[in-house]
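What follows is chain A paired twice: with chain B in the first complex and chain C in the second.
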Partner chain A sequence: MQVTLENVTHTYQPGSPFQATAIRNVNLEIREGDFLALIGHTGSGKSTLAQHINGLLRPTEGRVLLDGKDIHQKGYDKKEVRRKVGLVFQYPEHQLFEETVAKDVAFGPKNLGLSPEEVSERVTEALRRVGLGDPALAEKSPFELSGGQMRRVAMAGVLAMRPQILVLDEPAAGLDPQSRREMLDMISDLHRQGTTVVMVSHAMDDVAHYATRAVVMEKGAIAMDGAPEEIFRHGEALEKMGLDVPSVCKLGMYLRENGLPFPQDAFREDQALSAILTLWKGGKRHGAQ
Partner chain B sequence: MALNDITLGQYYPADSAVHRMDPRVKILLLIALIVAIFLAGNLLAFVPVVALLLAASALSHVPIRMMLKGVKPLRFILVLTFVLNVFFLQGETVLVDLGFAMIKTESLITAVHYTLRLVFLVLASSLLTLTTPPIVLTDGLERLLSPLRVVHFPAHEMAMMMSIALRFIPTLLEEADKIMKAQTARGADFESGNLIQRAKAMVPLLVPLFVSAFRRAGDLAMAMEARCYHGGEGRTRLRVLKCGQRDYIACVVMALVIAAILLLNRVC
Partner chain C sequence: MPTPIISVDHVSFAYEEEAREAVRDVSLQLPRGSFHAILGQNGSGKSTLAKLINGLYLPTKGTVTVCGMDTADDRNTWEIRRRAGMVFQNPDNQLVATVVEEDVAFGLENIGVPTAEMPARIEKALRDVGMLEYAQRAPHTLSGGQKQRVAIAGVLAMQPEAIIFDESTAMLDPRGRKEVMEAVKQLNREQGITVLWITHFMEEAVHCDRVHIMHDGQIVLSGTPRDVFADPEQIRKYRLDAPPMARLAVQLREAGMPIRDGVLTAEEMTKEVLRLCR
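Moving on, here comes the complex of A and B:
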């Protein structure tokens, strides 16, 4: 399962005075097993790009290939794309509509034409996954829940379709620290169990922590693409684009400025720990001499 | 998705004399122009109207193509008007005999006249909405209607409601577009099926849309109250409307157009 974007350009409202080219000439290959973090300044075209991956937006120019086949070709079954690629929108809690949580989560699987038993099994599983396993909750109206719980229900609605590629547009935005961690850990679990993940995020610490690959967008084009350690080595370039670096990198910069040999490529807490331990041991030896 | 094509409150931003005119004058002139279009008794009398529309289009930098866009949704009505008039009006001179029906010269001319009249009416009103931001338009309307307060007509409330509605149409459209996409991503199908299936398919779109509209309405009311809004009483305005030279010139031009039409009515 692999998605390839070939020279994709998207222009909103072409021909009107409000026309805006959101992404330009994007080439991107999403490989099986990726945990791809899509980062970029507000308005850089991340959401637009995300919506091309499951064919919701049609490229103005260029092609989107799923396993080598153009998904916008005549005769290509769009349902196939929807089944394989799940998309969770920014603030997905605004899409809930059913009387009960369970019914809402069942909407996607039902649209896939699954049997009622299969649907209900998937609903239970998806709700359990997002931490809403309580059967009493499943019968509540989604509008009675808190914002964070609504977010999880919406998430479950997509997970219940069991996509092989999961695209998430800022899934943790606006959540409290604990829900945020739970959300990200759950996504990480899915990734470990074989789901390819594409996640739009502004939080560099999350990218450092979870992603295996980072793609940086600037003004509608891909500015960098590589492993997080490579991307975060270009801290200055990121800052010029209005982006951040993980807090460990910031700590490293500060320590280096003050003459301590903190390694350039440490960007995760565990790496920071070993670097600090090395420094500390070295320091003690100095002190002993 | 298809929702992008809807151009409501179809303001065409540009910096021109027509755009800068006082909205009250523009509204009154539109009414005058509509009257003028109805006054025109023959095809020749449309010439000043066409001249005025062309001049306004050139002066306002709004391409004729944009103005004609407003005519497109009315094409069925236009065709119907034309066909009905061609076949059912009385006339003397037979132009074509189709066997089952006859086309008379007089009815053909009248049909063209009526159809053109509709087209010009639409073009004239588009000219107003294309060159005036909706908010300014409601402002002008409020000022024009405010004398009616004496008979307890709620001019300010009406205008406030209209401007809020106008302000939120694009927001709601955007929201609808987003929800539609989100449900499509979950496999919803808005495009195929029979009428009942399609109506049912709208539920996942409409429920979230209404929920969010109510939430927004509540938030907005709260925000307005927090900023001490209490109706139109004693409220001053940000944009003070003022008639200028260009408004007077426009009025004179309109008077000339009407005079020309009346004259042409006599001549033919």
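Moving on, here comes the complex of A and C:
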């Protein structure tokens, strides 16, 4: 399953005094198996782009293709898109509404017209996948749960549709460090089990640890697209766009400015550890001579 | 010893009678002009503590005093809230007026500041947070970081001695977080405003005078940032995480490299690596 954005431009409220073009001429191919991080400053167009992937927004110009077929063409089954591409909004727990966790998760699959048995099977599976497999929990009101758990319930609701592509808008925003790690580990597991993931994120250390590909948006256009090690080589450029860089990149930038050969493509803690130890051992040998 | 601006003395608090205490036997003192941070995971009791300090909640046990006034005495309530202002998490829930300067005026009207005195106070407060040029703007046209700075100006106009920030950067993007953090540091440094900064972002606690870690309603660890982050393993037990450079320092030390104690930022790590490798 592959999504292609072809020369996509999106203008909000065209023809009105509030007209605003959020993304312009975007070309992007989301490939099966990607864990794609969509990065950019607030207002860079990343959320607008994300909402095109499942057809929630319709391009003002250009096309969105799902496996080569234009999803906005007459006769194309929109429901099919929604089934295959799941979208998890920011703070999705604000959208919970049912009396019990199980009913909330069942809402989507029920609307697909599935049999009650199939619905219940999907609910159980989705709750297990988000780490809420305890049957007692399924009968609780979602509003009795902690913030982190509520977010998982909202995600289970999307997973119960069994999407092949999962688009998440800042899934870890507002969570404490441990819940954040648990949430990202869970998304990473889904990715390993075959779900294509597109994740909008501000947190560069998370992107460094989890993503296989990073797309940087600036002013409505794609400014960079590549593996995280390629993107994070351009620390200065990212900082100019108002973005953070992973702490290890910052360290690398400072060390290189001071003449130490810290590798350009090190951006995770484990890479920094071995790079610094190499420098240190090299320095000691040099000093002994 | 001079009276602390904020003093929390063996305070416990339960939301309902017989319910588990959300805050248990917490003691804390903020001297005038200090900048303290409280770190804790969601549900650790840190926001409850903030509300105890400005008198929104009253302790079930112990006493909270602000500028020497007991929060339990309801004659003090308004004076306490004026002297120890509070800035909350969601910028959209705090701004009430349709124009920025009117929003800052709102609090002044509530405490009965004479109209003639208002413009000067509003101007100063907006200038102090770098928002003076936005005085005539509608709040909804501002970014998250700008909205929070307007909320801070609203508190500042009341001429407080302390400000309590309850996760005031949690909903902002990195640029907004930096803007707000810089504005607050400057207020502390230049005007001596006492700051209590409640957060779960470790990197925001790095530059504070003192860090208190809350877990399960109690303060389990207090000290300078260097002391508190020296042991990343321990921090993890409280469902928090040490800053990346503190974790890296521990791993380098374990591998035999004599990195000095207390490295928290990329700048500090750079100095150490240069010292040892060049």
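Couple of notes before you dig in:
Criterion: the second predicted complex is superposed on the first by the 281 of 289 C-alpha atoms of A that agree within 3 Å, B and C clash if a C-alpha of one lies under 4 Å from a C-alpha of the other, contacts with A are read in each partner's own complex, and residues count from 1 in each chain.
Note that a contact is a pair of C-beta atoms (placed from the backbone, for glycine too) under 8 Å apart; a residue touches a chain by one contact, two chains touch by 3 or more.
Small disclaimer: the values here were computed from a predicted structure and weren't measured.
Touch criterion met: A:87 reaches chain B, while chain C stays clear of it. In the superposition on chain A, contact of A:112 is made with chain B only, not with chain C. Put simply, more of the residues of chain A are touched by C, taking chain B and chain C as the two choices.
Contacts of A:95 after superposition: chain B is touched, whereas chain C is not reached. When the shared chain is aligned, chain C comes close enough to touch A:255, but chain B does not.
Contacts of A:1 after superposition: neither chain B nor chain C is touched.
Contact with chain B, but none with chain C, is seen for A:12 once the two complexes are overlaid on the shared chain. With both structures placed on the common chain, the touch criterion links A:20 to neither chain B nor chain C.
Touch criterion not met for A:186: it reaches neither chain B nor chain C. Counting contacts as defined above, no chain A residue meets chain B in one complex and chain C in the other. Chain contact summary for the complex, chain C toward chain A: residues 40-43, 143-144, 170-171, 173-176, 200, 202, 236, 239-241, 243-245, 247-248, 251-252, 255, 257, 266-267, 269-270, 273-274, 276-278.
Chain contact summary for the complex, chain B toward chain A: residues 4, 7, 12-13, 175, 178-179, 181-189, 203-205, 207-208, 211-212. Within the complex, the chain A residues that touch chain C are 41-43, 146-148, 173-179, 181, 202, 205, 242-244, 246-248, 250-251, 254-255, 258-260, 269, 272-273, 276-277, 279-280, 282-283. The touching residues of chain A, when paired with chain B in their complex, are 12-13, 16-17, 51, 54, 56, 79, 82-83, 86-87, 89, 92, 94-97, 107-108, 111-112, 143, 157-158, 161.
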